[in-house]
Amino acid sequence: MIVGRRQTEKPIRWAMVGGGGTSQIGYVHRSAALRDRTFDLVAGAFDIDPERGRAFGVELGVAPERCHADYRALFAAEAARPDGVQAVSIATPNNTHYAIAKAALESGLHVVCEKPLCFSVAEAEELKRVAADKRKIVGVAYGYAGHQMIEQARAMVAAGELGDIRLVNLAFAHGFHSAAVEETNPATKWRVDPTFAGPSYVLGDLGTHPIYIAETIAPHLKIKRLLCARQSFVKSRAPLEDNAVTLMEYDNGAFGTVWCSAVNAGSMHGQKVRIVGAKASLEWWDERPNQLSFEVQDEPVRILERGMGYLARQATAEDRIGAGHPEGLFEAWANLYGRFAVAMEATDRGDRGRLANLRYPDIDAGVEGVRWVEACVRSAEAGGVWIDYR
Amino acid sequence: MIVGRRQTEKPIRWAMVGGGGTSQIGYVHRSAALRDRTFDLVAGAFDIDPERGRAFGVELGVAPERCHADYRALFAAEAARPDGVQAVSIATPNNTHYAIAKAALESGLHVVCEKPLCFSVAEAEELKRVAADKRKIVGVAYGYAGHQMIEQARAMVAAGELGDIRLVNLAFAHGFHSAAVEETNPATKWRVDPTFAGPSYVLGDLGTHPIYIAETIAPHLKIKRLLCARQSFVKSRAPLEDNAVTLMEYDNGAFGTVWCSAVNAGSMHGQKVRIVGAKASLEWWDERPNQLSFEVQDEPVRILERGMGYLARQATAEDRIGAGHPEGLFEAWANLYGRFAVAMEATDRGDRGRLANLRYPDIDAGVEGVRWVEACVRSAEAGGVWIDYR
Amino acid sequence: MIVGRRQTEKPIRWAMVGGGGTSQIGYVHRSAALRDRTFDLVAGAFDIDPERGRAFGVELGVAPERCHADYRALFAAEAARPDGVQAVSIATPNNTHYAIAKAALESGLHVVCEKPLCFSVAEAEELKRVAADKRKIVGVAYGYAGHQMIEQARAMVAAGELGDIRLVNLAFAHGFHSAAVEETNPATKWRVDPTFAGPSYVLGDLGTHPIYIAETIAPHLKIKRLLCARQSFVKSRAPLEDNAVTLMEYDNGAFGTVWCSAVNAGSMHGQKVRIVGAKASLEWWDERPNQLSFEVQDEPVRILERGMGYLARQATAEDRIGAGHPEGLFEAWANLYGRFAVAMEATDRGDRGRLANLRYPDIDAGVEGVRWVEACVRSAEAGGVWIDYR
Amino acid sequence: MIVGRRQTEKPIRWAMVGGGGTSQIGYVHRSAALRDRTFDLVAGAFDIDPERGRAFGVELGVAPERCHADYRALFAAEAARPDGVQAVSIATPNNTHYAIAKAALESGLHVVCEKPLCFSVAEAEELKRVAADKRKIVGVAYGYAGHQMIEQARAMVAAGELGDIRLVNLAFAHGFHSAAVEETNPATKWRVDPTFAGPSYVLGDLGTHPIYIAETIAPHLKIKRLLCARQSFVKSRAPLEDNAVTLMEYDNGAFGTVWCSAVNAGSMHGQKVRIVGAKASLEWWDERPNQLSFEVQDEPVRILERGMGYLARQATAEDRIGAGHPEGLFEAWANLYGRFAVAMEATDRGDRGRLANLRYPDIDAGVEGVRWVEACVRSAEAGGVWIDYR
C-alpha cells in the first residue's frame, strides 16, 4: 500500500517539454509525477509559445531561468548545471516526439514520452538504440495500464485461471469527435492532420492503449498476422481514420479484434479489454476501473474489486486508499510514474535485480505500439488485407 | 396493448414438426403460438422417434390419430381432412428444414421455420419460389426480433434520430460450448456436425439473429462486401467454427462487425446490437431486453424503457403488462407468432392492405440469413478475404 | 424444466371475476393460468359492466351463457352444472375481494385472489376458516414471488450460506403516481379512495409483495414489533399514503425496513429485496429478475443467473428456456398458477404428501399480508410509534 | 478546469496532527492538500508514538526539528517561528479532535478536522465560538462531498429541476465489519470503543457523510424531528451500534431515511444519496462517482457524466481531466482542500466577497453533524422514539 513514502531515495529532478497551460494531458503528467514527491519539477519548455510557456512554468513554481523557449535550449542549459534535470517528460503533439526524445536521450536524460512514441518503426528502433547506448530508460505514457486491476488480470492469466487464451477483444471507442469538432477546436485539429498526428489518428491515439494493456495481461501472445479496415466518417479527416477495426491472429492460435473509434456517438470512452480463455474470461472497462469481471464458464460471474485481500499481491501493492473507495485515472498514472522513477534510479545505479522485477511501459512497449500502428495502416492502405506481423 | 384479444378472426389450425419433449426450442414455439389462442395445436410429427412423438403429442392434448410418424404422413393426412391444419412450424435440426418446408408449402400450408432456413441460397430461393407459387407465407423464428424495443429502435432510426448510420456493431457470443460439451450432450452434437448443421455452426446458429435485427432496425443498409475469419477452438469441431468475426461494408459507406461465438467463456448470451449514427447511437442487449440505451453525443445517455408513453406507437402496440415489469423472450416470440398469424390470415384473404403494414421475419429474411452465412463461409474458407455480396 | 407438460392430470375448469378488457391485471392472470393448459377458462363475470363483460368473455372464447352479470350469478349457475368451474380467480378492486372470495369458497370453489386479500385480519381469518371448512385452497397473487431466483434465495438461506440473518431490506418504490394522475386516469382513482382500496394505498398495493418474498426467502424470521411512518405527498390522497417507511424488529434480533412508494419519481418499479446475514448478503431486483447478487463478505460479488446448473434443484425446476434467455413477469406468474393447480388437485384428492412439498402464497400468506398492513396503518395513525406484532 | 494552477497566492504552510504512517486516512489528506501545491507540509505531530511520528515526518520531507512529540509541542514551537504553520489538519481518533482543534484555533491556526468534529453539540459550539473569536476557519473532512457531481446535483435542485423535494434517501452501508475484525485489527478497535469513538460508531463514522451531502444538495431542507433505531450485531460492540436506521421529518413536509451500517455483508461501500422531488429524482453512488442518475418521471432516465459541457458551470469548475476519464476519491478531497485554502486566504485577508461565493464543509457543517449524531443516539437510547430536532 502506498501511503506517500517515496520508493526512490530522492525525488528525481524533472522537466517537461510541452504540457503547457492549455494542453490536454500536461496536468495529468504533473499530478502523477509530483504525487508522493516522486519527481521535482524544476525546469521546462512547456509551450510552443515561449512566453506563455515561461509564465506557466513560473506559476507552477519553476524558476524563471529554468523555463526555456524550446527543448534544445532546455537540454543544453540543464546539461550545464550540476543540479540539472535527470529526466524529462514529453507531452507535445506526435510529430515532435522523435526529435525531442532523441535529443533528450543524447543529453543523458531519462525520458517519459507520450504515445505514439514516433511515426515509424525505424524511428522507434533508433530511439531504442540511443537509449541503450546512453543507458537511459524510456517510459511511455500508457497511463491506463497503471490501474491495479490490470496487474490483477495479469496475475490471473499467469496463474492459468483462464486456461489457454483464445480471444482478445479490445476496444477504445469514444464519440467525442462524431462531428467535425476540429473546425472549431484547435486542440483537435492537429490530431487529424498527418503532419502532426502521423500516419494514423485513432489507431495511434487510442488503439495503442489497449494493445499495451493486452500485452501486459497476456505477455505470451504474439501477433502473427493482422488485417485492418479503417474509415474517415468525417470526410475531411482522410487519409486519417476516425474509426478502425483490426483483426489479429496470434501464433498460439488465439484471435483478436481491436475497435478504435472517435465517432462512436455517445460513448464516454469505452476502453474495454476482454480476454477469453478456454475456462474463463476477464473483462475490464476504463470507466469502472476498480472492477474486474471474472467469468468462469458454468459458474456465477465474479466482480473483483480493487483493494481487496483476495487479490494478487502485486495488485494491491499500489493501493492508496483501500477497497470500496474509487481510485481513478490519476492514481493509475501516478503508479506508472512511481515505476518510472524506480526504473530510472535502478538504471542509474545499475541495479539489475530491481529492474528485473519491475514492469512498466518501456521502450519495447513504445516500439511495439508504433509497429502495430504501422502494420494496421499498411493493411488498411492495401484495402484491408492480411499482412504478416514481424 | 395486447390483453389477450386475438388479432385474427379464429385460431389457426396448427401442427409442429419436431420440437418434441426433449427438444430445446419446441416449448418456446408452443408457448408463443398458443398465447392468446392465436393458434390451436391439433396435429404434429413431434419427434424423430415416432412413438415418443405420439406420446408427447397426446400429453399436449393432440388427438392420437393426428400424431404422425413423420412429416410426410402428417402433411398427407391433414390435407385429406376438411379441418386439416393450415400452418406448420418446423423445429427440427437444420438439415431437414429444406425438405420439410418445401413439402409443407407444396401441401398448401403456411410455414414457420427455424433458422437457418436451409443450407444454400439456391435452396432458399427455391422455397421462396414455391411459397410465392402456393401463396403461402414462410415465417422464420428470429424470436428475439419480436422484442418491442427493436421496434422502438427501428422507429428512431427511421425518424433520423441517429443521423446517418455509420457503424453496425453486432455480437451474439456466449460461452456455453467453451468445452467440448458435445461429447456428453447429444443435443449439442448435431450442431457441430456439418451433416446436420450445414456449412457453419455459430454463423448460422447465432449470427443470423443479430443480422436480422440489424436489417429490421436499419433496413436501408445494404451489405456491399464482407470478410469473415472463423476458428474452431475446440479442434474436433472443424471444419465448423465455434467463433467467427465478420466485417461488412455497406453501400452507403457504413461499416459493420459481427462477433459470433459459443466459446466466449462466462458470457450468458451476449446478443448485443449497437447502431452508431452521426449524431447518436442505440444499444440493445438481449439479457436486458426491456431497456434501450440512446446515446446522443454531448448529451446524457438516456435509458428508454419498454412500455413507456414516450416510445413510438409501434413500440407499445405489443405491450402486455406495462412499463416497469420485465417482459422476456417468451413475449418476444409471442409477438412474432401473433404477426405470423395475421400474415397467414391476410394472405389467405388476399388482404394486401393489411400485409403492407405488417412486418415479420419472412421468406426474404430467411433467404438473406442463408446468403449471409454462405458469404461468410466462402470468405473464411478463402482465408478471410473480402468478397462481394450480392 | 417445464416444457409444456401439465403437472396436473387435467386442466382445471376455471372462471374469473373481474379482470375485464380494460383491467390492468386480468391479462396477466389469464396468460399465467392458460399457459401449458393448466387451466381452461370456461366462465366468468369479467366486468362491473355486465354487457362489456359478456362481450369480452366471448372474445376470449367463453360460451356466452357462461358469461355472467356478477359473481353471484356466476357461482350459482356454475354450481348447477355438472361441468361447472372448479376454481375462480378474483381480479377486482380491493373492496370486493372479501365478499367474492367468501362466496366462492362457500360455493365450493378454489380461489385465487388478488392482493390485498381483504381489509382486516378479522375478514382474512374468516376466509381462512371458510376455506378450511370447505377444504378449498386460497392462492394469493403475489406474482413476483414465482420467480425462480426467489427459490434460489430461499434455498441458500436455508443452507446457511448467509449465516444468521441480520437485516431485511425491502423496497417497492415506483414513481408512476408522482403527479395526481388519478384526476385523469380512472384506473388509478379507486386505488387512492379508502372505500375501494381499503385502509392503505402503497402499503397494501406494493408492500405486501416484498413482505411475502421475504417470508419466502427467510421463513424463520418473525416480526416482533414494527413502526410505520406514512405520507400523502399528493395531498388529496390523504388519509391514504403514497409513501411509507416501515421498521421491523424480528424476534431473532434481525432488523428490517420496507420502503413503499408510488412517488419515487423516475423509478420504473424498484422492487428490491436485500437479505443481509452475518457472512453474506443476497439481493434481488424485479427489473432484472434473472440475476441474484450473492455477496460474501471478503469475496468477490457473485452474480447468479437463472437456469444455470450451479443453482439449487428447486430453483431450476420451473425453468422454461434455459440460462441466458430472459424470463420475465409472465413466467413468474405462470409458475405460481402451476403451483396453484397442483395444490387444487392435491387438495381435492386429499393427497397430503404432495401438498407437504408444495409451497405457494396461500391463505396464511394472505392473512399475513393483511395483518402487516393493518399493523403498519395502526402505527402510522398513532404518529409512527412502535407497536407489538401478533 | 483545474490544471495545477494554484487558486491561492502562495502555498499555505501546513502541519498535520495524526495521520501517521500506519493510519488509514492520513495519506488521503496529504494527497489532497499537496495536490497542485495548495499547501506545503512543513511540520507535524504525526503519531501517538513520537519516534515513529518523527521518522515518518522526515520521510515525508519535513525537517526533523519540526516533527513534534505531540500537538501541544507542535503548536507552541510553530507559533514561535516567523515562518510557522498557518493551518493544521487533525487526523487522529475521534476523542482527541475537540482538544486538538481548540488548541489549534487558540494558537491562531486554521483547522481542518476529521469527522465527527467532536462528541457533543456543546463542544462543537465551543469550537465555533473560538473559531469566530480567532477569525479562523474550521474545515471538516467530508471528503466525498468534494465530488463534482454533488455540485451538479446542488445546481439542479436549486434550479427547480426536481420540483419540491419530497424524499431524501441516504445510505452509507458497507460490510467490512460484519465479523468482529476489531479482535485482530487494532485500527478497527478504537472505532467500537466509546472512549475513543464517542457516543456512536456508524452514525458518526458513516452517517455524517451523506447527511452533509444532503445538506449540500438541498440546503433548504431542515430536519424537524427524527427517530433512530440502532443495533449491535456484533454483541461486543454494544453500546456502540454497527447498524442504524434513522427516519427524519423535514419542516417542509419532506421525509428522509438514513441507513448506516458496517455489517452490510458484501457491500463495498454503498454510500448512496437519492433525492426525490415532485417531478424528478437524482441519485449518486460513491463507487461510481462520475455518474449522476437524473430520473424525470415519464421520461427516460438520463445518466449525467462528470466533465460534460451540459453540466452546470460550478460542476465543471473543478474538473481535472475531462469527461470519460474517471476521477475518484482523491480528486474529491483535493477539491475540498482547494476550497479550504481559498477560505483560509480569504479569511486572513478579510475578503468577504470571495468567502460569500465559497462553499465548503465548515464549522457549521461540523456542528450539524455532531447535532445529528447526538439526536440519533438520544432517540435510539429512548427505544427508537421521535425526538424534536433543534
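Think of it as A, B, C and D in the order they're written, each chain with its own count starting at 1.
By definition in this document, contacts are C-beta pairs under 8 Å (C-beta built on N, C-alpha and C of every residue); 3 or more make two chains touch, one makes a residue touch a chain.
Just so we're on the same page, UniProt names per chain: A, B, C, D = Putative dehydrogenase.
In this text the structure is predicted, and so the values were computed from the model without any measurement.
Colleague: Between B-C and A-C, which chain pair is linked by the larger number of C-beta contacts?
Modeller: Between B-C and A-C, the larger count of C-beta pairs in contact belongs to B-C.
Colleague: Take the average of all CA coordinates in chain B (Putative dehydrogenase), do the same for chain C (Putative dehydrogenase), and state the distance between these two points in whole angstrom.
Modeller: For chain B (Putative dehydrogenase) versus chain C (Putative dehydrogenase), the centre distance works out to 34 Å.
Colleague: Roughly how many whole angstrom separate the Cα centroids of chain A (Putative dehydrogenase) and chain B (Putative dehydrogenase)?
Modeller: Computed from C-alpha means, the inter-chain centre distance equals 44 Å.
Colleague: Just give me the whole-number Å value for how far the CA centre of chain A (Putative dehydrogenase) lies from that of chain C (Putative dehydrogenase).
Modeller: So the centre of chain A (Putative dehydrogenase) lies 55 Å away from the centre of chain C (Putative dehydrogenase).
Colleague: Can you list every residue of chain D (Putative dehydrogenase) that touches 2 or more other chains, as numbers and ranges?
Modeller: 176, 294, 299, 301, 305
Colleague: Hey, how would you classify the chain contact layout here, line, ring, star, complete or other?
Modeller: complete
Colleague: Touching chain C (Putative dehydrogenase) in the complex: which residues of chain D (Putative dehydrogenase)?
Modeller: Contacts found on chain D (Putative dehydrogenase): 162-163, 166-167, 169, 175-176, 178-179, 227, 229, 231, 233, 243, 245, 247, 249, 253, 255, 257, 259, 261, 263-267, 276-281, 294-297, 299, 301, 383-386.
Colleague: So in the complex, the part of chain C (Putative dehydrogenase) that touches chain A (Putative dehydrogenase) is made up of which residues?
Modeller: 294, 298-305, 308-310
Colleague: Per the contact definition, I'd like the list of chain A (Putative dehydrogenase) residues that touch chain D (Putative dehydrogenase) in the complex.
Modeller: That would be residues 2-6, 21, 24, 26-28, 30-31, 34-37, 59-61, 174, 176, 268-269, 286-290, 305, 320-331 of chain A (Putative dehydrogenase).
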